[in-house]
């Protein structure tokens, strides 16, 4: 951390701040410049409290240097992590593909989806049973009935099941049926829920919140890792910007940036990331060419009649075509899919 | 809702979409323009499903017309709501002021805060006992001990207590001690929590998420109202933008815009909205001059040593000065403070 | 500037970077931490080249410390500047008010506007003769004819004329008729134009670009100041964010933040800042309560038939009402209006 | 355009608005819903004035339906345009690659760059002679001397020259030396400049402004096309968002979205789009896999000592490696590079 003093800060103010830095267990180096003095604070402690120094006398600003996350950091574990959950493997040379409908609607729907996406090359099945919906008047999911349908589809196809959990009290129930617990974007900073999945034996797919910084995403992962669960996949699903021609803006530079900062694998969600089915194919290939470790894609037998998210969902033949193209791009990236 | 067809959409495609509109229980009006055809769909149903029409054949886009919230809408209840919770009244001619520390730290701290902010003119006490923190390594709050300290401060000063609840399973506990349940920005779309406070007898202060649209904020309020709790105050606390000289960007036009769309009162949070104590005073007066029904301000006896958010916190004498100025601006706006 | 080395950077890499820092004419202080080494580079040179160090071997990132602007800086000139141009005075205890139509349309229109806004209390007249328009098919302004009409309105009312200049080759022409040259938001980084107005004897109203940082705004001002023209007013007119219920998001914390960083006065534009006439009144009062040195407001005799920007324009009686309220808020802020 | 009336708008207000719509030369269809009335206005006129209707009596909002650009529209010209300028061909099956330094610095530098990027597979040379710089104290370019060095490098290698023009008065001069005139992001809405390049015989590379919507970008292109120059390439170079780990956020969904809306080819700039050389390679491959018609990449013999933008610039061997990978991805996309 660097404490930047205002021009004209008095020696007493500088001395005061040096004591504050030392009170945090850090070592203070005072550097007197021609215009202003800065105090470099070094040490191994990382915590969220340091910014309080900014209200100190004569302080212009406080500039953090170390990232506040530890276990997620690539500095700590240089080799990339590979997460395996049933048929799904994400990380390393293999690109995992999670596909299926936004919501589980009926037994036939989810089973036909599972068979179709498996045939096209997907390695896991997605489907929502607990649906967080912006409006209280929208379809909220089939809950445990939906989970049972997912498990049945897994029994029939062998595909690992990825499904969302929206509250800490549901983690045990969802863990009974699912292979991977998805934390949705709206819950990325629901810390009680992060702590609960941190205690679960299931792998976790943690989606980036639409206005979360990368540091906040990694600190959310840190909650899960710190809770004892090492199997965390990160998911870029688009951020909120001024752009309105897409539902969210999909920032694919997140992929190489995360891969530099963390050992956790990175999955891209082109369905939410664009919000329009006609943009999904290009963002699937672009995601792989950006180096993504996996994709998660919404697929439905009849998107026009889907109970949720139909406008961003591929039908079976569109998905098959996308997968064929993705395999060629993955090969060009020396990846297997 | 307006379904805009592509130029060149065939009559069969238009006919298909008319049937889809009617299947949603709406009436379809086909308007043939010189370049394209649009279908106006009218009716009283409001739901979140309509966008699925966008994946229909020949459709260019779907433009919603009605806002999807109902109970929160000013169209439904034209007169503004006044929310009263103990000493706090928000809405109408009176400006409510909620002040206190970010976190409850000790009995002395919270009691001295309560006395100081009351003396300066605050009408409620804030203080966090359950703290959602970005990092798992930061101070997480005193939990029930903190709630007890808040209740003791209320007993001593008569100030209503406003404090955050972070999980549905804590709602009963927090309701035992608090007058107003605060839903933090990160939990604005934690629907399980919204449903739980919807069943509580306590008033609710609902903070806007940093990337939530106004429509999403009102739909979050709708969850609480729909659950049976009519006492909802909305809080603008800043949004995430490209600006980095402030922690968030405080968009004060939210105040008159919300007042046009909803009858619920609007509170402004200049502490989180700026993230720097030297900007708080100006945003307090500006908030009132924008027409805010209330303010929520972080105040601490010694911000430099606060366990959280010290950089955006006023000390007692700063707060007193801010309140004196605010009273003059409120009078200029024909409000009482 | 702080050069942060990666954990594991070699002594040779650190030594290499020290030499690079010294080659820039700065002094290098090496601070060896437990996890990483940082190099603090101090000196009085400010230039835009330093970030190139980031591509050096073993470098994690480069963190700037000093702001790169000089003449605009409050560190250099602690007392606020007051800019006077004819009847307009901005800065200090007086709030200047610039009002008038988006575009000059006819002699009668601009004259009636000038008379109406003067009567309501405005101290300068705005009106566009050269109009930068998003679409090539929109009305582009009356050009020199419009300038003549503005000058005639000044002759009739005594109000100073504020009007936009869009190209360096027009600066002399516009300077002939105008008291204040406005640089529009789209041209904030049109450096050739900034240099040209830097050589003009007229005062300049420099609008912030919709995605410009405060540092970029101050560096744009620096171009004008560095060119020899000290009479620069800054204007906050809204930034582009994810919000779509307003045309732009008006971040009023810009006002106290700028006043801390620069001696130049700050004007707020609630018309462009909201894009809806029903939000303008609240943002005028809020702007003054945020401490603004001036307002610029769009006023037209018949907004519904304005050739541009009618949706964000006040009519005469609305403006009169706004001004009456603003005077009361200004008084509460110990300002004169 | 759809004029949405407020609930409770009177028949007289509706009638008034019908007349306003007709006064714009459009046909009005009144649709009476259960909650509100909407007026659909159809016709072939496209102009920027319609929003003024929003200030009409009883109007809730005005929703545009037709895009305001014409000549750039894919509706008008369904087949994609291929732009050829000397050795550079962009559009169709071939991916063009423009590479070279941010600034032309010396004859040796630009010549060695030209030879290196040609050898690696680039089809055009970039290099700035007129440099728009955020700070007046930064290096501003070699101006005509730089143009001459670029022309000499073209003579030596056969590579087409792409270089920026920053002011209308320079268009003739730059056109003398360059094959493609680049309009920088800061000048995307410098309409005088757009008109000037619209009259030039040279092709134009138009960069998207960092906060420009796609509609604004296409309207900027429309200025050039409308001026008589059909050879316009669009360039996505990143937008300004809350993300700070990259210089800009590179939204690659722009590529397929633009290709749906316009016939003009789309070039991606991963150097400005990320601002960090270690992210450029992944965004080059991702750009191609998103379907881009071209790339523009900053390359310098010694990025650490570049006079500008060194932190986002590749050296020769990095660029060679990137190109080798890009060729494989292009082949996987059935493109030639």
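We just call them A, B, C and D in the order they show up, numbering each chain from 1.
Throughout what follows, a contact is a pair of C-beta atoms (placed from the backbone, for glycine too) under 8 Å apart; a residue touches a chain by one contact, two chains touch by 3 or more.
Keep in mind the model is a prediction, meaning the values are calculated, not measured.
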Label of the chain whose CA centroid is most distant from the centroid of subunit C: A
Between C-D and A-C, the pair joined by more C-beta contacts: C-D
Length of the line joining the C-alpha centres of subunit B and subunit C, rounded to whole Å: 31
Centre-of-Cα separation between subunit D and subunit C, whole angstrom: 26
Distance between chain centroids, defined by C-alpha means - subunit A, subunit C (Å): 38
Multi-chain contact sites of subunit C, meaning residues that touch two or more partners: 211, 239-242, 244
Subunit A-touching residues of subunit D, taken from the complex the two chains share: 211, 213-214, 239, 241-246, 249-253, 255-257, 260, 273-274, 278-279, 281-283, 285-291, 325, 328-329, 331-333
Residue numbers on subunit B that touch subunit A, as the complex places them: 20, 46-49, 51-56, 62, 68-69, 132-139, 166-169, 186-187, 189-192, 209-211, 216, 219, 222-223, 226, 239-240, 276-277, 303-311, 313
Complex contacts: residues of subunit C adjacent to subunit A: 2, 4, 7, 29, 31-36, 38, 40, 42-44, 63, 65-66, 75, 240-242, 244
